[in-house]
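See below for the structure under consideration.
For reference, chains read A, B, C, D and E in written order, and residue numbers begin at 1 within each chain.
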Amino acid sequence: MSYLPKPVLVIGGGIAGIQAALDLADQGIQVYLVEKTPSIGGKMMQLDKTFPTLDCSACILTPKMVAVARHPNIKLLTYSEVIEVTGSAGNFNVKILKKPRYVDEEKCIGCGICFNKCPSKVPDEFNLGMSQRRAIYVPFPQAVPLKATIDKEHCIYFTKQRCRVCEKVCPTKAINYEQKPETIELNVASIVVATGYQLIDPTLAAQYGYGKYQNVYISLEFERLLSSTGPTGGEIVRRSDNKHPKNIAFIQCVCSRDVKINPNCSAFCCMASVKHSILAKEHLPNVDCTIFYMDLRAFGKGYQEFYNRAMREFGVKFMRGKPAKIEEEPETKNLIITYEDTFTGLKKTMTFDMVVLAVGVKPIYPEALKLPLSEDGYVQLKNQYLDPVLTMIDGVYTVGVAAGAKDIPDSVVQSGNAAIKASILAGGAQK
Amino acid sequence: MSEELRIGVYVCHCGTNIAGVVNVKDVVEYAKTLPNVVVAKEYVFMCSAPGQQIIKEDIKNFKLNRVVVAACSPSLHEPTFRTATAEGGLNPYLFEMANIREHCSWVHPDEKEVATTKAKLLVKMAVAKASLLEPLSEIKFKVNNTALIIGGGVSGLAAARDLAARGIKTYLIDRSPTLGGRAARLGKLTYTEMKGIDVFKGLIRDVAGNRLIDVYTNTELVSVDGSVGNFKVKLVKNPRYVDAKCNLCGECAKVCPVEVPDEFEFGMSKRKAIYLPFKDAYPRIYVIDMKSCTRCLECVKVCPVGAINLNEKPSELTINVGGIIVAAGYDPYEPKTGEYGYKLSNKVITLFQLERLLDSEGPTKGELIVNGVKPKNIVFVMCVGSLSTTPDAYPYCSRMCCSSTIKNALVLREKYPDTNIYIAYKDVRTYGRGDEQLYMKAGENFVRFAKFKDAPKINIDQKGNLSVTLFEETLQEEITIPTDLVVLVVGMTPPRDIDKVRTTIKIGCGPEGFLREAHLKLRPVETATDGVYLAGAVTGPKNIIESIASGSAAASRTLALLSKEEVAVEPLIAVVNEDICSGCAICVAMCPYGAISLKIIDKNIRVAKVDSALCKGCGTCAAACPSGAMQQYGFKDAQIKAQVIAAMGEV
Amino acid sequence: MTYLVPQHPLQLVELGAERFSRCFNCGNCTAICPITKEKASYPRKLIRYSLLGMEDKILSSTDPWLCYYCGECSDQCPRDANPGSFMMSLRRYLTTKYDWTGFSKLMYYSKKAEVIAIIVVAAIVGSIIYLLHGPIVETRVELETFAPYLTTEIGALTVLFVLAGILLSNLYRMYRFVMRDENGNRIRVPLGFMIRDFIRIVPLHFLTQIKIKECKDRQKNWINHLIIFYGYAASFILFVPLLKFTQTNDPFLFVNPLSILGIFSTIALLYGASIAIYGRVKKTQPMWKDSHSTDWMFLILLLLTTITGILTGIFRTFGFPLPTYIMYSLHLMIAAPFLILEVPFAKWSHLAYRPFALYFESLKERYLASKR
Amino acid sequence: MQKPKIALYWCAGCGGCEEAVVDLAEKILDVINLVDIVFWPVALDYKVEDVEKLPDGSITASFINGGIRMGEHEHVVKLLRKKSKLVIAYGACSAWGGVPGLANLYDKEEIMKCVYQETPTVDNPSKTMPQVKTEKEVTLELPNFLPRILPLDLVVDVDYYVPGCPPTPDVTWKSIETLLSGNLPPKGSTLGALTKSVCYECALNETKPEKVLIKDFMRPHKVAIDPSKCLLTQNLMCMGPVTRGGCGSLCLKVAMPCTGCFGPLDEVKDYGGKAASYFASILDYMDEKEIEKVLSKFPDFMGVFYRYTLPASRLRGKIKMKGGD
Amino acid sequence: MKEFRPRIVVFACNWCTYAALDLAGTSRMKYPTNFLVVKEMCSGRVDPQYVLEAFRRGADGVIVAGCHPGDCHYIEGNYKTLRRMTLLKKLLEEFGIEKERFRLEWISASEADRFVEVANEMYEKIKNLGPLKIEIEGGR
C-alpha cells in the first residue's frame, strides 16, 4: 500500500486496549499504548479465572501482554497519562506525561533484588490492599514491562532523604533518583479510549456494612483470595480469624440497578459470582455458596450452561431476593443477612461466615479528552447502530467497559471494531 | 549427520532466583562433561543484553551449532534466546531451553543439593534433545489480499464496508436475492428512533456501488480449497431471471398471476412470483421465484425494458481470497405447531411478526390489527425456544429478546395507551447499556411482568378466545390472563444449512450448531482455522449493535491478515516420511484441522500428505501413526526419547 | 382462578401511589420492613398483586392496615418505587371498597365531590342552626339558650348513630372481604373464638395503637397519634355524651374538671393537627411525603374544628355573646362534615379498620391452624 | 570356487520356520546348488561338535529360528555366532520372541509348575520336577531353562532379520537372493520384506473411508466379515497398519485380520505400545467409560498387542526387579 | 543408606500443564524434587512407547498430563490422549507395573495447586512402593 499510515493512540492497557493495540499494530499501523499504571494488564490481570470456560486469566492474558511488548509497531508508554488533546480527526495533537519511575527502564532487568531489600512496606493495590508490596515494586510478577517503579510517596529516600538501599543492591545500577517527568508530544490520526472502569464505592450501599464488618468482601477482593498469586496464596480465609468459611453469600447488584447509586446493570457480576461460587466449591468442597440475585443475567455464549452447572453439579444455591441488610454477630464476626425469599414469600434471616458483594462499576475517562457523556454516565455515542464505538468526537472511539459495562468477549469484539475504525482514519480511507 | 556436534550450554543465575538454590557452578562443570558440549558458561542474567551477547559471541568463537540455555520457562524467554541464536548466525531452531527456575529453583528452595542434581538432569535432557535438533525454517505464504464475506446481513455489510474502507477488495455473497438479512425486517429499534431498515440503508450507502465490493446475491458456496492467505473458493450463482436493465416499474408483478406468502412479512401478506423482496432491497432488481413461477410468460410480455429471461442458468465462478468472514446470521426459533398454541390460533404470533405489524411499511402499515381487530390485552411469552422452556427449546439464552420485548411493549403502550400488556418472563436479562432503564420505563408505563418457571400454557377455547395460564413464581399463584394476542418471543437458532457452509470451510461448531470461535473470550471473531473469521449471530445470539461490532471486529482481524505480504507459520508441524508411510490413513482421522490428506503418488500407492498451512503442530497424528512415518518437527520420536533417556541415570 | 382486573393499579395511582409500577420484584421492601413477620410478605407481594390486577387478593388482605408507613421500604427501594406510598394508597383504596354507600369512592376519586360534600353538609347544618336555634341573648353569653341542649344533643346523637351504623356495616363488609382463604373461599370461625379474640385485640389496639411502636423510630409518631386520638376522644366525650355539662349557659370555668379535659383536648388536637400539617408541608417524614387531597381535608377540617372550638371558648369566656354564637355555629358547621364524612368514609375510619384488621388476621390464623 | 557355507538352527519355536525352508519347494534345489549346508539338525546329521571343529568365521551365514529359551540354545547360538560371518534371525520368534515369548508374562517357576504339575493331562503324583543335573548312575546334565525367553539379538549380535511366522517362501527366497547378491544391506536390516506396513500392499486399503474411526471391537469369529471391505472399519483388530509389509497381505486376502507376525517397522521400538496407540487413537469415544466398555471386550491385551514381540518389547515381559528375592 | 527419591517423568502439554508447572514456580509452591518434565505441544503427542521407554530406563513413575477434556488447545487432542492412556494402563497392569506409578491427569494452566497435589500424592505412594529397578536383558 502506497500511503504512509499515521499513528493511533490507544489509552488504557487493559484487555480492551491491548486488543485494540494489537489489532492496529497487526494492520501495520503504528500504535502508542498509554497506560497510567506501571504495567499493562488492567483488571483482567487481577482475575483468577474467567467464566464460562474457567480459563486461568493470566494464562490467556499474559501472552497478549508479551505480544504487545514485542510488537514492532507498538510503542508502550506505561506510567504515563494523557494530559492534553487538541486537533481533530486525522490530526490530533496529544501531550503525554511520562511520570518518573526513578528506575532506568533500559537498565532494569526486573530481577527483583531491590524490592526484596526495600524496607518500606505499602498496601498492595494489586491485591486490593490485602497484602503488602514495597515502595519500589513491580505491580505483579508478570508485569509488562517487567521494570521496577519507585512509589515516591512511600519511598524512604524521597520522604526522609535516607535509605537508598535499592540503589546499592541493584546489580545493573538502574536506580536513578534524579529522574524527571517527561512530556511526550504526539500527532495521531485517531484515539481509542479503553480506560476501563472503577468499582463504585461499596460503602454507598451502607446496609451491607462493607468496611464496617471484616468478613464482608467485594468481588474483586474475593477474586484475589481465589488466586494462587493472591495475598493468601489461593486460600479462602476470613479477614477476622484466618479460618475457612463454611458458607459464603454472594450478593448481586450492589451499587448496580439501584436508581439512587447507579441505575445501570453492570453486566458481568452475575456470571462472575457464579464463577466465584464454583471456584469456592473447588477450593473448599464443603463450603455452601448462596447467590442472592434478582435476575441472573447469564446472557452470553455458554453462560446459561455455566449457571446450570453451578446449580446442578456444584450445588450452588440461588436465592431470588435482594437482601435488605447485613448485621454482624459480634463474637463470631459472622454475618446475618435479612432477605425475602421471593419464591416462597417468606422473610428470612440467614447467617454466613463470609459475604461477597458484587459491586457495580462506573467508567473512567481521560479528562483531557472532555468526552460528552450521556445521562447514564457513560460516553455519548454519535450513532450507536451504524458505528457502535464512535464517540461524539470524530476520530475518538471508546471500547470496553468505558463504553458501557460488559464482559471480556464483548470488550474484545469492540476493540476489534474500534481498531478498524481507527485504522481507516490512520491509513487514509480509500477514495 | 555429517556435521560434528558443537553444543554451548549457558546457565543463568537469574539474580538469586536460580543461583540462590542451585549450585550453578556445579551445573556448569557437569554440563562440560556431557557429550558434544564444547563450552559451558554461567551468567547472572542470560536474558539481559550482555547475556545474549555471550551467546552470540560464542557461536562465532566456538563454532557452536547447538545452543542450550538453562534459565526460566521457555514461555517467557524462548523467543528471546531464539532471536539471540539467530542473531549469532545460527538457525533459531537449533536452540533448546532447560527450565531450571520455575521447574526447579523456585519449587525446591529448601533442598539445594537435590535441586542442583535436578538442574543437572534438566540440562542433560536439554542437551540430549539439542543434539538431535534440526534446522527449521518458518513456513511462509504469500497473502492474497482480498476477502470473501458470506452473508449480507448487517454484520456482513459492516465487515465489507470497513474492509473496503481500508482498500481491501471484498466479495460479499448472500444466498437470498437481496442483502439485508434479518435486521432489515425489524421495526423501530431499541435505543433510537431508527428502524431496522434505516440501519440497512445506512450500511448499503457505503456498500452499494463501492468499486472494491463485489456483491453476489442468490449465490452459494460450493467449495473452499487452500489455506490461510490463499483460499480458492468456488461459488454458484443461481439465476435471478431478471437482469440489471430492470427499472423497477413493477408492471411484471401486476400481471403475474401467482400469489404466494411473502417471506419478508413472515407470511402475513402475499407477494407475486416475480417480486422485489422489499422496498429498499439491494440489488434493486426484481427476481423470479422459480419454485412458484408457472412460466406463463406474462411478465416477459409486459416488461418494457426486456429485462426478463426465464432461461437463465446457474453459473459457477471461482475466486481467490486471502481471508473469509462467515456472517451467515441466524434463524428465529420456529415453534412447533401447537407449541404455545402456535399455528393453532392466528392470535398467536412471534415477536418477529409483531415487528412487521408495527412497521409502517409492514403488511398492516403499522397498525396492530390481528384477525381484523385491534387487540386490547396482549401477552408476551418470553424464552420461547430458549432456556430449555419446552422439550424442543435450546438451553442457551438468546440474549437480545428481553430488551426487544420490552421495546415492543413500550412501542405498543405509546401507540395504543389503553392496551394492557403482560410480559411472562423467566428472567429479565436487560444487561446492555440503557437496557435497565428501558426495563424500568416499561414498569413505569404499566407493562406488567409475571415470572414463570415452567412454560406458560396457552388456552384456546371453542370460540377462539385466548388466555395464558402460568404459575407466577414470585407469588406462588397460578394466574390466567385472558388475552386477545399472544406474542411468542422466539429465540435465535443457528441458521438452517449452516453445517454445509461449516464443513465446506472446515470450521467447528458448538453443541447447538453455532459456529465455534478460536477462543470464547479472547478470540471471539476468529476460528481455529487460520484465515477464517466469524461475524454476527452465527456464533451465538447477538443484537444488531453487537452484530455490527463483531462484523467490524472480524474485518479488523481479517485486515490484520490481509495487510501482510506473507504469513509465517511456526514450523513445528507434522512431517511424513514417505519411504515408510503406507497410506493407512490412520492419521487422517486424527487431525482436527483437516490438514492431512492422502496423496496418490503412483497408481494405487498412497501416502499421507500434510498441508503445512493447516497443520497447527499438535502431533497427535504422529502419536497415532502405526508405522512411525509421521513425525513432528521439534518433537520427533527420537528427540523425545533422548530426553526421556537422559532424564534417567546418575549424574 | 383469579380474575384479573388490569385497571386496578391505575386506580391506586389516582389514590396517590407513586412510581410503584417500577417495582422489579426484589423483595427488599419486605425484608427491610420492621414489622413484617416471616410469613407476611408485603409490600412486595401486594405490589405484584396490584400490578397484575389480582384485585381479590388485595381485597382479602389485611396487610395494608398493618403498615404505619415508617418509610424504610421507600428509602431503600433500589428502584425508588415508593412502596410506602403504595401501601398508603392501598388503605385509601380499601376504605373506598369497604364503604358500600359510594361516598367514600366519590370523595377519594374526586376532589370536587369532596369539597361539594363538605359544603353541602356544612350548609345543611347551617340551615338547621338557622332554623332551629333558640333565642339570641345579647347581653351575656347564653350558649344553651342559643343552641338548646336537647336539639343539639338529638342532632349529635342522630349523626352518631347513623355514622356508627355505616361504620359498622363497613366493618362487616371488611369482614366479608377479608375472611377468605387463598382460593377466595369464605371462612368461618366459631363464635367463641370471635368473642375471645375481639376482647383480646380490638380494645387494646384501638385504645393504645401500640402497633405503631413496632415500626422503626416511631416513638414520636406514636405519641403524636395518641395525642390526636385522645384529644379527639376527649372532645368527643365532652361534646356528645356530656354535652349537657359542657354546652351550658354558665360561664367557662378553668378549674372545672370538664374544662380541664376540654383544655387538654383542645391543646392536644391543636398540637397534633399542627404537627401533622407542618410535617406534610415540609415533608419531614416519609409518610408525609405524599399527601392525598383527603389527607389535607382531614387535617384542615380538624384544625378548623379545633380553632373554631377554641375561639368559641375564648369568646364565651370573655363574654362576647354574638361572636360566641356565630363561632359556635361555624364550629358545628365544620365539625359536622368532618365527623360525617371522615369517620365512616375517609381517613378517620382507619381507627376502626386497623384494630379490626388485627382481629380478622387473628381469626384467619385460627382458621388456618384448625385446618392444619 | 567354494560354495558359501550355511547353518540352520532351531531354538524355541514351533518348527514352522523349519517347514518354511522346505516350503521353498523346487527352489530349495536351487539353494542347495548354490550353498553347502554345514549344520541343520532337523534335516542333516551334523553334530554340534562338527561345528565346533569349523574355523571361526567359516560359515557364511547362520539362519536361526526360534527364541532363546534354554541354556542349550544360548550355547549353540553363541557358537554359531563365533563361527559365522553373518547371523540371521529367521522368523518372528528369533527376531522378537514370537508367540512362545508370551511366556514372559510368567516366571520360570510358574511355568514349570504349570507344565509339570497343574496341567490336567499331567499325571505326576510325586510332583517330580525336571532337574538340570542328575547323578543316579551316570552324571547327566540337561540344558537349563532360562528365566526369560529372549529374542536372538539380545543374546548374540544379529546381522539381519527375516520376519514372519513363519517367513513366507517369497520372503525367504528374497532374503537368500539378497545375501547371495553380495550387495549386502546395512547391518540390522530386515531382509525380504518392505519398509512400509501391510496396508501398503493390502487391496482393502482403498476401501477405507477418508477418516478411519471405529466404535467397537469385534473378534473375527463373532462377525460375518465382508471380505471386500477394510477389516478395521468392520471393528476388527487388524494389525496391518502397524506391521511390516512383505507378506503379500496373505491373511487379509482371505478376510483374516492381520495379527502382526511381520513385526514392527524400523521406526517403531515397541510394537505393542505403538499398536495400542494406533488402535486407541481411532477408538471414537470421548468418554472414559465408553472406552473402557470397548476395551473390556478384549480377551487378552498382551496376546493382541504383543502376540509376536513381547520379549523384544521395552519391558521384555512381566517386569522383574533387580535384586529382588 | 541414601534416601529413595522417586524419579518421575512428566509428559506435559505446552498450553496447560507446562504452564501450570510454571505457575507452581511463579507462585513458589513446593513439591518433591525429581519430577522431570518433557514438554510436548499437546498431550496428544504422547506415544505410549515413551511411557514404556521411561519405565524401561528406570523411571519410578510417569505422569501424562494435559488440558481438561474440552479445553484442548488443539480442539480434541486430549481425548486421544485419554483413549491411548486408558489402553496403556491395561498394558502396564499386565506388565506388572503398579497402577500408582502411572497417572493421566488433566491440569489446566491455572491449576498449579492441582499439580502439587498430584505430585505429593504420587511421590508418597511411590516412596512406599519402593524403586522400580527393572531388570532388562540386553542393552537396547
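As a convention for this text, a residue touches a chain if its C-beta (ideal position, glycine included) is under 8 Å from a C-beta of that chain, and two chains touch if they have at least 3 such contacts.
Source: prediction; values computed, not measured.
Participant: Figure out the least number of contact steps between subunit A and subunit E, where 1 means they touch directly.
Facilitator: The fewest touching-chain steps linking subunit A to subunit E number 1.
Participant: What's the farthest chain from subunit E if centres are computed as the mean of the Cα atoms?
Facilitator: The most remote chain is C.
Participant: Based on mean C-alpha positions, I'd like to know which chain lies farthest from subunit D.
Facilitator: C
Participant: What pair of chains is linked by the largest number of C-beta pairs in contact?
Facilitator: Summing C-beta contacts for every pairing gives the maximum at A-B.
Participant: Calculate how many whole Å lie between the centre of subunit B and the centre of subunit E, each centre taken as the average of the chain's C-alpha atoms.
Facilitator: Distance between chain centres: 35 Å.
Participant: Per the centroid of Cα atoms for each chain, what is the distance between subunit B and subunit C, given in Å?
Facilitator: Whole-Å distance between the two chain centres: 68.
Participant: So, what's the distance in Å between the C-alpha centres of subunit D and subunit B?
Facilitator: Averaging C-alpha atoms per chain gives centres 53 Å apart.
Participant: Compute the distance, rounded to whole Å, between the mean C-alpha positions of subunit A and subunit C.
Facilitator: Whole-Å distance between the two chain centres: 57.
Participant: Using the touch rule from the top of the page, what residues of subunit A touch 2 or more other chains?
Facilitator: Counting only residues that touch two or more other chains, subunit A contributes 53, 55, 257, 259, 295, 320, 342, 345.
Participant: Of all residues in subunit D, which are in touch with two or more distinct other chains?
Facilitator: 268-269, 274, 277, 281, in rising order.
Participant: In subunit B, what residues contact two or more other chains?
Facilitator: 75, 428, 440, 474-475, 590, 620, 623-624, 637, 641
Participant: Please list each pair of chains that are touching.
Facilitator: By the stated definition, chains touch in these pairs: A-B, A-C, A-E, B-C, B-D, B-E, D-E.
Participant: Name, in rising order, each residue of subunit B that touches subunit E in their complex.
Facilitator: That would be residues 73-75, 99, 101-103, 106-111, 114-115, 117-118, 121-122, 125, 508, 528, 572, 590, 592-593, 616-620, 622-624, 632, 635, 637, 640-641, 643-645, 647-649 of subunit B.
Participant: Tell me, which parts of subunit B touch subunit C in their complex?
Facilitator: Those in contact with subunit C are residues 377, 420, 422, 428, 439-440, 443-446, 448-451, 472, 474-475, 477-482.
Participant: Which residues of subunit C touch subunit B once you look at their complex with the stated criterion?
Facilitator: 1-2, 4, 6, 9-10, 19, 21-25, 44-45, 48-49, 51-54, 57, 79, 81
Participant: For subunit E, which residues are in contact with subunit A within the complex?
Facilitator: Against subunit A, the touching part of subunit E is residues 19, 23, 26-27, 29, 71, 108-113.
Participant: Can you list the subunit E residues touching subunit D in their complex?
Facilitator: Contact set of subunit E toward subunit D: 47-49, 51-53, 55-56, 69, 76, 79-80, 82-88, 90-91, 94-97, 132-138, 140.
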